[in-house]
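Structure, as C-alpha cells:
Naming follows writing order (A, B, C and D), and every chain is counted from residue 1.
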Amino acid sequence: MSASCHCNKKRDEISKLDDSLLDANDPNHPANLICELCRLFYDNNWVTGTGGGISIRDVKGKNPNLVYIAPSGIQKEKLQPWEMFVVELPDEKLLRTPNDCPTELTKSYKYKPSACTPLFMSCYTMRDAGACIHTHSQNAVMCSLLWGDKVEFEISHIEQIKALPKLAVNEKTGKVEKVGSMQYFDKLVIPIIENTPHEEDLTDSLQEAIKNYPGTTAVLVRRHGIYVWGEDVWKAKVYNEALDYLLELAVKMKQSGIPTTTQSN
Amino acid sequence: MSASCHCNKKRDEISKLDDSLLDANDPNHPANLICELCRLFYDNNWVTGTGGGISIRDVKGKNPNLVYIAPSGIQKEKLQPWEMFVVELPDEKLLRTPNDCPTELTKSYKYKPSACTPLFMSCYTMRDAGACIHTHSQNAVMCSLLWGDKVEFEISHIEQIKALPKLAVNEKTGKVEKVGSMQYFDKLVIPIIENTPHEEDLTDSLQEAIKNYPGTTAVLVRRHGIYVWGEDVWKAKVYNEALDYLLELAVKMKQSGIPTTTQSN
Amino acid sequence: MSASCHCNKKRDEISKLDDSLLDANDPNHPANLICELCRLFYDNNWVTGTGGGISIRDVKGKNPNLVYIAPSGIQKEKLQPWEMFVVELPDEKLLRTPNDCPTELTKSYKYKPSACTPLFMSCYTMRDAGACIHTHSQNAVMCSLLWGDKVEFEISHIEQIKALPKLAVNEKTGKVEKVGSMQYFDKLVIPIIENTPHEEDLTDSLQEAIKNYPGTTAVLVRRHGIYVWGEDVWKAKVYNEALDYLLELAVKMKQSGIPTTTQSN
Amino acid sequence: MSASCHCNKKRDEISKLDDSLLDANDPNHPANLICELCRLFYDNNWVTGTGGGISIRDVKGKNPNLVYIAPSGIQKEKLQPWEMFVVELPDEKLLRTPNDCPTELTKSYKYKPSACTPLFMSCYTMRDAGACIHTHSQNAVMCSLLWGDKVEFEISHIEQIKALPKLAVNEKTGKVEKVGSMQYFDKLVIPIIENTPHEEDLTDSLQEAIKNYPGTTAVLVRRHGIYVWGEDVWKAKVYNEALDYLLELAVKMKQSGIPTTTQSN
C-alpha cells in the first residue's frame, strides 16, 4: 500500500491553529511523528482499515508528562497532527481534544481517543515507556494462531533478536530497566494474552502480562495483533520492526517444520 | 506496484475544460477521488491489467444523485478526472461522457462506461450506497476457490472484523441501515455468487445476494473478485481494506489448517 | 523495491543532446516510456539485477518502423532515455547507439543492445507487434517449474483472462490479428520453450512457438521468464500485467491443489 | 516499507559542514550512495530494525583507499551522509568520525562504526572489493535454515544466475579476478558459515570461506543473513539483488519439492 501525501497543504492549516501543543515546523514533534509513522505502518499493512494505534510521550520536550494519542476509528494513513488528543500524566488530565478545532477542520466529526488508551497508559505507568505502538500485523495474528495452545511465543538463535532490549528489574528501585541488548543465543519470549470483545477490557490481562514478564517489551493479543513499547518513539519503532521481522520469519519456519527455538549455543 | 504521477500537468488540462461536473481544485471531488483510489488500488494489485472498477455517488455535493463512474478497460492507475462518466439517479440519465472532451484529450478513443455499471447501480438503489468498489483481489479469488463448494465465506473472532458495519433492516422503512460496528465474536458472512461470461449478467445474482444477505456490505464473485460498498467513499474504502485483510488472513489460516470460525466466545 | 528519481536532472542533460531520435519533453516518446516502464517493472521484481528488457516500436510516430531497444546489462530502474539503441525495420539498420553520446554521459562505458534483440525482432516481424516486454518474473519461472513436464501453461475460468486479446489468423492476409478479447470460459494457453545457454539462441524456438500458437501473445521460457508483446506499448504492458496476475494465481492454485482448468462452463 | 524523504533539508546541513570527505552535491559520492542504498534496502526488508550494513570504497575517487562505513545501530533508512565513518586502507586509519560533527547534528549521540567493519575489511583486503553489503534478508535466513545441515547453498539452471560474476584465481598474481559472467548451466555455490554471538567473531570463518571459495562473491551466515561484495558499489548492489532473487526462488522451489540443481545441461 502507499499513503497519499497532502502534508504541506495540511501543515499550513495547522500553522493557523496557533496551538501551543502542536508545532507544524518541527518534524520530530510527537503529533507530526504519529502521522509520519502511521503512514509507514499503513504501507506495511499494520494499520489497515483504521486498525491499530500509536501514542507518544513527549520525553524530550519541556513537559515529558504530555502524551499524544491518535484518535479512534480514523484512517491511519490520512491522520493529521491537529487530530491528536493530549493528556498529562500521571492523572491523565485531558489537555487537548481535536473536537475543539474549527469545524472547517473537524467537519463536525466527533473524535474519540483511541480505544487503546488505557493500554497505552499501562505501558507509560508500569514501564515508564516513551511511546507505544499497536498494530494488527498479520504476522502477529498468525503467530498467535500457530502457537494457538500456548501463552508464550518463543524464538532464539536468530541475529535480528539483537535489535531487542535486554530488560531487568532494578533491585533498588523495583523498576524494569534496559541493561543492554539481547544476545544472539538469548530466547525471546513474548506473552500471548486472549482477546476480549472490547479493547479496553484487555487492560487487566495486559497489565498482568507486563508484570509477569519483566523481560518483555511487547505483548501479543490472540487473533488481534501486538502491543510494543520502548524508551522513546524511535526505540518503539525499531522494536516493533524487529519483532515483526521475527514473527514473519517464525511463520515461515513453522510452515517449513523448523523449530523456532533450539538447545544449541 | 507503484503508479506514476502526472497529476499536476493533467490537472491543468482539466481546469481548461470548464466542466461544471468536475472540479480540479477540490481533492475530495468524486472524479478526483476515483483517480486517487485507483492509484492506491493498483499499488495493492487489486486492479491489475485494467481490471476492477469504482463508482462514487456525490453524497455530500449539491446533487447527491450524481454518480461518477470510471470508464471500462482503461489502465486504472492512469485514470484522469475528465475520463469519468456521470449519471443521475434514479433513472440513470447520462449527464456527462468523456467522449465529449476535446480530441487532444481523448485521442479519438471511444470510451464506454464500466461493465460494472448495473452492479454499481444495484448497490445505490438497493442499499442507498455512497460508493461501490470492485476489485480482482487475489485474496478474494483464492477464498472463492478455497471455499469452492460453499456459497458463503465465513470468518469470526478476528479483531479486524470490528472495522465492518453491523447492518439491520429498519422495520419501519424496510431499508437496511447501519446500526453500529461488528463485534469481535460476530460471524462475518459474505455471500459468494458464481461468475458469468458477461459482467452485466452478474446483476441478477448480485441483487439476489444483496436481498438475501441484509447484513452484508460485500459480495464475492467466484473466480473473479469482490464487490464492496459503503455509506460514502471512505467507508467503502475502509470496508474493502478490512475485508481484504480478512480474506488474506483466511487464505493463510486455511493453508495452515486453522478454521476461520470457532464456537468459543 | 522502489526506484530512485533523478528524472528532471537527467532530462536536462538530454535536452542538450539535440538528438532527433529523442524528445525529452514528450513523456510518451518511446525512449521515455522505456525508462518509466523499467522503473515500474523493477518495483515489481520483474527486472531485478539488470535482468529482463523492453523494446518499443514508434507505431504512432512519423516513422513507425523505428524500434527503441534498452541496452544490455544495465540496472533497468536507472535507465536513461539517451541510453537507447534505435534500429529501423525491416532490415534492422542501426540508426542510433548510446556509444555516440558524449563521454560525460557514457563515462566511456561500451553499450551493447539487449541480448533479447533478435527475440524482440521476431515479435515485430512475425506479429507486427508495437512493443515487446521480457521479464524474469518469479511467477513465470515458478509456473515453468510447476508445469515442468509440460510444453504449455493453461488456465481458464478466471475473470482476469478477459484482459488478454483473442487472436486469429486472417485468412486473406495470413496474418495474426486481434479479433476481440478472451472470454471468461476461454482457455488461455501459453507455450513454454526450453531455455538455452545464450539468450539469442532462443530465437528459433521462440519463432516456432509464435508460429505454432497463433492465439498467443506471450511465450514462457523455462527457468528463465516470459516474453510478452502487444499492438502498442500500453497493450503490451496490460497483457504482461494480466498474465503475471494469472501466473501468480496459478502458483497459489497449484500449491492448494486446485486445477487451473476446468470442464464446466 | 517506504522510507521517508528529508534529503534536501539534510543536504543543506551537510553543505555547512565544509568536510572534505563529504560532497553534498555529488549524488554518486560514497557517503550519499550509502544513504540512497540503505533507503532502498529498507524498502526491501533487508535492513529492518537497524539491521544490516554497507560500506563503500571510493574506487573512482582521488584516493581509492578511502572506505566509507555506515555507523552501528542506526535506523538505516534515516541515515545521513555526515553520519559516516571514513578509514584509509591498508592500515584502516580512522580519518573521520561523525562524533566530530557539531552537537546540533549528533545530539550528543556517541556513534560507533558498524560491527561488520572487520568483515567489510576482509572483503577489501582479500578480494580488492569496491563495496560490501550486509543484509538480514529473510530469503538468506530461510535458505540457511532449509539447507540447515549443509555448508553450501547451491542453485543452477536459472537465467538470473547470469547476473553473477565468474571469478577465477589469476595464476600470476594469485589474486581472484572476474573473468566474465556465470553461465546459465553453471552451478552457483555460496558457502554458509555458522553464526557467532558477536558479529566481529565471524571474521575468521568469513575469511576462511573467502579463501576456500575463490569463485564466490558472497557468504551466507546461518540464522543471520548474507555478505555480498563487488568490484564497485553498483556491481555489489546488482550481485546482492540477483542473489536475493535466487534465494527467494530457491525457498519457493524447496517448498514445492523442486530441486535447485539438476544434472541436465
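To be clear about the criterion, a residue touches a chain if its C-beta (ideal position, glycine included) is under 8 Å from a C-beta of that chain, and two chains touch if they have at least 3 such contacts.
Every value quoted in this text rests on a predicted model; they were computed, and no experiment measured them.
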Provide the labels of all chains in contact with chain C and in contact with chain D.
none
Using the contact definition stated above, find the chains touching both chain A and chain B.
none
Centre to centre, using CA atoms, which chain is the farthest one from chain D?
B
Suppose you list every residue number at the chain A-chain D interface; are over half of them used by both chains (same) or under half (different)?
different
Between chain B and chain D, centroid-to-centroid distance (C-alpha), Å
44
Cα centroid separation, chain B vs chain C, in Å, comes to 31
Residues touching two or more other chains, restricted to chain B: which are they?
2
For the chain B and chain C complex, residues of the former touching the latter:
1-2, 4, 6, 45, 48-51, 75, 136, 138, 141-142, 145-146, 148, 195-197, 221, 223-225, 255
Quick one: which bits of chain B touch chain A in the complex? Just the residue numbers, please.
2, 27, 36, 39-40, 43-44, 157-160, 163, 183-185, 234, 237-239, 241-242, 244-245, 248-249, 252-253, 256, 258
